[in-house]
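Please go over the structures that come below.
You will see subunit A twice below: alongside subunit B first, and alongside subunit C after that.
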Partner chain A sequence: MMGDIWMTLLGVLVTTLLAFVTGMFYMGASRKITARVQNRVGPPIYQNFLDLIKLQAKDTAIHHGWMQLLGPAFLMVSAVGSLMFIPVLNKGLFFENFTADGDIIFLLYLMVFGSLGMALGAGQTGNPNSAIGVTRGLTQMVGFEIPWVMAIVALILQYHTTNIAEILEAQHRSGVWSMFANPYAFIAALLAAFGMFRYSPFDIVGAPAELASGPVSENGGKFLGTMMSSHAVFAFVKLVLYVDLFMGGADNLVELVIKTFGLYLIPLTYGMVNPRYRTEQAVRYFYGWPTLFGIIAILYAVFY
Partner chain B sequence: MNSLVIMLLIYFAGAILVYAANKFSAVLRDVIVVLAGLLPVALFFSIPAFEAFQFRIAGFDLFWDLGSLAYIFEALVVVVGAASLVYAISYMKGKKNLGYFYMNFFLSLGSMTGILMSQDLISFFIFWEIMTWSSYFIVVFNGYKTNKIGLTYIFFSALGAYAMLTAIVMINTQTGSTMWNDFFIAFAGMSSHYQLLISILFIFGFGVKAAMMPLHIWAADAYSHSPMAYTATFSGVLSKMGVYGLALVMIKLALVSNHFVFSQVIAWLGAVTAALATIYALIQKDIRKLLAYSSVAQLGYIITGIAVGTAMSFMAGIYLAVLHGLFKAALFMVAGAVEKQAGTTDMHKLRALIRKMPLTFITAMVAIIALAGIPPLGGFVGKWMLYESLIGSNHYFLVIVIFFSSTAAFLYAYRFLYGIFLGQEEEEFAHVKEAPLMMLIPMLFFTVLLIVTGTFPGIILGPVANAMNHGMGFRGVQWEMSVLTNVYGDSIHLSVISTIVVVVFIVFALFLILKGRKGTRYVTTKDIANSGEPVRPEDNYHFALDFYKPFERAMAPLYRFKMSEIYGNISDGLVSFFQFTRRLYSGNGQTYVYYVLLFIVILLVFSNQLINR
Partner chain C sequence: MNDKNSQKIVDVIKNFARKHSLFVLAYGTGCGAIEIPATMTSRYDAERFGIRGAATPRQADVLLITGYLSTKTLKRVIRTYEQMQDPKYVIGFGSCTINGGMYWDSYNTIKLLDMYLPVDIYINGCMPRPEAVIEGFIGLQKLIAAGKAEGAKKYKENLDWYRANQKKVIKNWVMPDYNW
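Entry: the complex of A and B
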């Protein structure tokens, strides 16, 4: 019994560390690739680690209230919490963590937990741009959640389970990745992922070129550091979730890195050549082709 | 004496006593309010089983007994009713006509108890009418736009009541009995015309109270303009009487299994209600209005869950009904506390009350998390069961509509918290204090309840499963204290989820809050990074106006659809029609002579036909 608890704790720590390191390198890689596309040299790929060390070393002088202080903790709950319910590798190859409870609909809700908590923290700063960013982010979420949920419903109907590990198992049993078994669901989910990853043209929340304030400027030191780390972990969570749901998971870490990074490149490169949408344009985008593919995906899962 | 009758007597005697006591002393009145509110709670939870009560009056058999489904709703009535009454003492302090207010409050609590224990249609209808009238008197209590708001409410309620009365008369002529049970048994043998007509009439009657589209337009105004202490009960419990009736009619009459299209129509009406009410909730600027629209939306989920009618969706519907009673009562109490302390409920005026009313904020946050259905609080359980049951019973497009409204609900959830408690502070609200203790106690009570149900939903699911197995005709409905299982056999352990969420949160919260070498220092929200342009003391950069303008632009086609406009057109048409008919009565004697002449001419023209017969 005691050994179980230590194994569980070890699993939690190793998984979190893996997600954190991978996510940080992906973010570094994205900066490097973007720089090269824009004909710059760009920072080294480990730059994010340096940034994080610097941030952790800094003191925070001021705050606007306790909700602001707790905001990044909510983000972490969402990132680390969802990581616990997603199988990192195929069955039996990695720590199981709590994948037995890894229900996909539960996960959908757990994944918004963090942004809403952070939104409260951002709201307390009193910075108007924080609230503007939140309204944009929530509006965009109403957009991309619809095709994303349609893709998930199609998968549930196809495999008769809501457990992520079971969906992964079912793909192995049939020998076909679900991105080929139901390509429409994959397309809908992939288009939704553009909004989820918030790269251009869907970077309307941070809007880096026009809003030089908001939560990023109100939080410093370890608060900003925690936000950055949770971003890294969360990016990994989303990528692994996509790989598990659509690409048959991975048998070892190398395969996982190849699959996730390949997936990561899609929204990243799409964003490099696109300007930013306005919020309502983003929502309309998601209610166009992605939703159509989602409807086809559900019908395909039902009738085929 | 029969314990059901005692409970009923306490409420009705409370109504009379409190009105009388108000003439003598305010303290005596408040004591009676608290006693008569809390006594039924003690009585209800201390008695293991209620015995039936039967008597005969004016040639009708009246039969009172608390069924297993009614038990759940009665628990809601006594608990939320008592909490609202305790809350009302502080909230209503300083207002006039309090005897009248409390009398109607007790009358509506008593009538709801009566509805729930009526096993015959006659007393059901009588209590239903008492409930409608007592709630109407409180809706118009504030005296604000009574003509419009009160009239709309009573008009729709009366329509619903007459529909129900018609159905009751039909049942009596068909079966010769006025018992619910005889009706349920005889229903299968009726002709399909009668089956359809009676069900539609009943659903019309209950749909009004459950604010089902297109009968919902009274709800937003009536909820937001009654005193908040009553709205906690009005929206939290009184609307559930419609839900209770719908559940009886949909399930007991086997409308779900025998009339597939019928139940689909109701389920879709519920989903559309939820979606449209949600998008209207998020453009409101008054928090009471926002909550009122949100109530309509939540009732939409409940109606969908009940109308789909599988074991799990029905369970989800009833569970959500109970939970909505709890969190919406808490939220309306928050709105009342803000109204009382800050003097306004307009989100364009309110600013950053979080540091002034921290406990109210915590109540609001917990209730909002439960409303949005975010784990690990109770609302998540209901949402999860609803989705899984809809997917499991092949309602895949229905689930998308529900999901849309539930995602859009995050928007108004954030708007509510931000609009009241967050943003930039302002001098105008510097004097605001935390709500008085008597208001905080009920609010914090609901907070604790919502947190507990998140990990142990079995507290509510147990009685619901019991009601479904005994009385509602479902077989072998399983439940567990903190494990949920869907139709595919996958389960989630809520205790595991709660533990992970709480542990991760505490770890990082400690990491963030434990101070380093130097502590952080609080500065006002005017001291912000603003692109190098400091906020001057006289400026306020609070963001409240057109909060979700991008959403409105994106959803412009949906906002064009307004049920109240359709009703407006109908009533305009009727007005002009009656204006026209009024011209016939010109008041001039000559004109009437013409009418008489015209009548004689018509008689002469048709005389052949008339005489030959």
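Entry: the complex of A and C
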């Protein structure tokens, strides 16, 4: 019994560390790739680790109230929490954590929990930029959650289960990844991912040039460091979830890195060639083609 | 961590990270602001040294004063500087921050920035080219690595002197007190 608890704790630690390191390197790679596209040399790939050490070594004498202090912690809790319910590799090849206890619907709630906590925290800072950033973020979330949930509902209808492990299992049994079994769901989810990753043209929340980085604008030093690491973990969470749901998971870590990085490149490269949308343009985008593909995906799952 | 030698190692790591990760708040007070986009973008690419822009004073490490400061702007600059979190550095950019430059006999600009804010390093020239700006940043990085960029400490220790100087030129002093 005692040994089980220690193994669980070890699993939590190792999985979080894996997610953190991978996410940080992906973020570093994204900066490097963006720089190369812009014909620059760019920062080294480990730049984000240096940023993180520096941010954690900074003094933080900002205090607007408890909710502001808790905001970054909420983000971290949400990121690590959702990581615990996603199988990293197939068939228990990696630590299973709590994947048997949670399903997709629970995960949908858990994944927005961090942003909502951060929204409350940003609201307490009293900075007008934060308030506008939060409004934009929640509006955008209302936009991309619709096609994303539709894609997931299509998968649930198709495989008659809400359990991620069982969806993985079903994909292996039929030998077809669900991105081919129900391509419309995959397209809807992928288009929703553009909003989820918040690269341009959907970087309307941060928008450094007009909103002074939005909800984050009152948070420096350790707060910013915590947010950065939670973003790294959360990026990994989202990517692994996509790989599990649509690409049949991964059998080893190399395959996982190849699949997740390939997926990560799609919103990144789409962002490189696009300027920033306005809020209503972003919402209109999500209610257009992505929602249409979502509807088709559900119809396809029901009638096919 | 209380051991002196291990503290030294921690300091070396911290200073290395600080050196290679400078978030710059480019306070575009004067004409010098036009050199900053050139420094940051493709041709001179300051990001390869870990220098990147920060949107707010809360996130920034370096306050870049680009050019002349009128007394009206000085008030905002002081307020911005005091909102930044330690460790923080100030770069005086262009001749105007050193001796007033071409505004040396103007009635409403300050002549020497160091009287009002603790400047860690100056970049001279009117205008300094992006090469000179990057040279200045590398000078600041060397100071940070050696642990000698202690402008913020100087400011705290001599706050009365700085405040007296600031109040001498800013007549309508209505400012909140920051407790850092």
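As a working rule, the second predicted complex is superposed on the first by the 300 of 304 C-alpha atoms of A that agree within 3 Å, B and C clash if a C-alpha of one lies under 4 Å from a C-alpha of the other, contacts with A are read in each partner's own complex, and residues count from 1 in each chain.
The definition used in the following text is that a residue touches a chain if its C-beta (ideal position, glycine included) is under 8 Å from a C-beta of that chain, and two chains touch if they have at least 3 such contacts.
No experiment lies behind these values; they were computed from the predicted model shown.
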Fit or clash - subunit C, subunit B, common subunit A: fit
Partner chain(s) touched by A:76 [first = subunit B, second = subunit C, both, neither]: first
Dominant contact partner of subunit A by residue count, subunit C or subunit B: B
Contacts of A:110 with subunit B and subunit C, given as first, second, both or neither: first
Partner chain in contact with A:218 - subunit B first, subunit C second, else both or neither: both
Touching partner for A:59 - first (subunit B), second (subunit C), both, neither: both
Which superposed partner A:138 touches (first subunit B, second subunit C, both, neither): first
Touched partner set for A:47, first subunit B, second subunit C, both or neither: second
Angle at the Cα centre of subunit A, taken between the Cα centres of subunit B and subunit C once the superposition is applied, in steps of 10 degrees: 110
Nearest Cα pair across subunit B and subunit C, whole Å: 5
Contact residues of subunit A, present in both the subunit B and the subunit C interface: 59-62, 212-213, 217-218
Of subunit C, residues touching subunit A in the complex: 13-14, 16-18, 20-21, 41-42, 45, 47-48, 50, 52-53, 55-61, 84-87, 179-180
Subunit C-facing residues of subunit A, complex: 31, 35, 38-43, 47, 50-51, 53-55, 57-62, 129, 208-209, 211-213, 216-221, 224
Residue ranges of subunit A in contact with subunit B within the complex: 59-67, 69-70, 72-74, 76-77, 80-81, 84, 98, 101, 103, 105-106, 109-110, 112-113, 116, 119-120, 123-128, 131-132, 134-136, 138-139, 141-143, 145-146, 149-150, 153, 156-157, 160-163, 166, 212-213, 217-218, 222-223, 226, 278-280, 283-284, 298, 302
Residue ranges of subunit B touching subunit A (in the complex, touch as defined): 352, 354-355, 365, 372-375, 380, 383-384, 387-388, 391, 394, 396-397, 399-400, 403-404, 407-408, 410-411, 413-414, 417-418, 422-425, 486, 488-493, 496-497, 500-501, 504-505, 508-509, 511-513, 516-518, 520-531, 541-543, 547-548, 550-551, 553-555
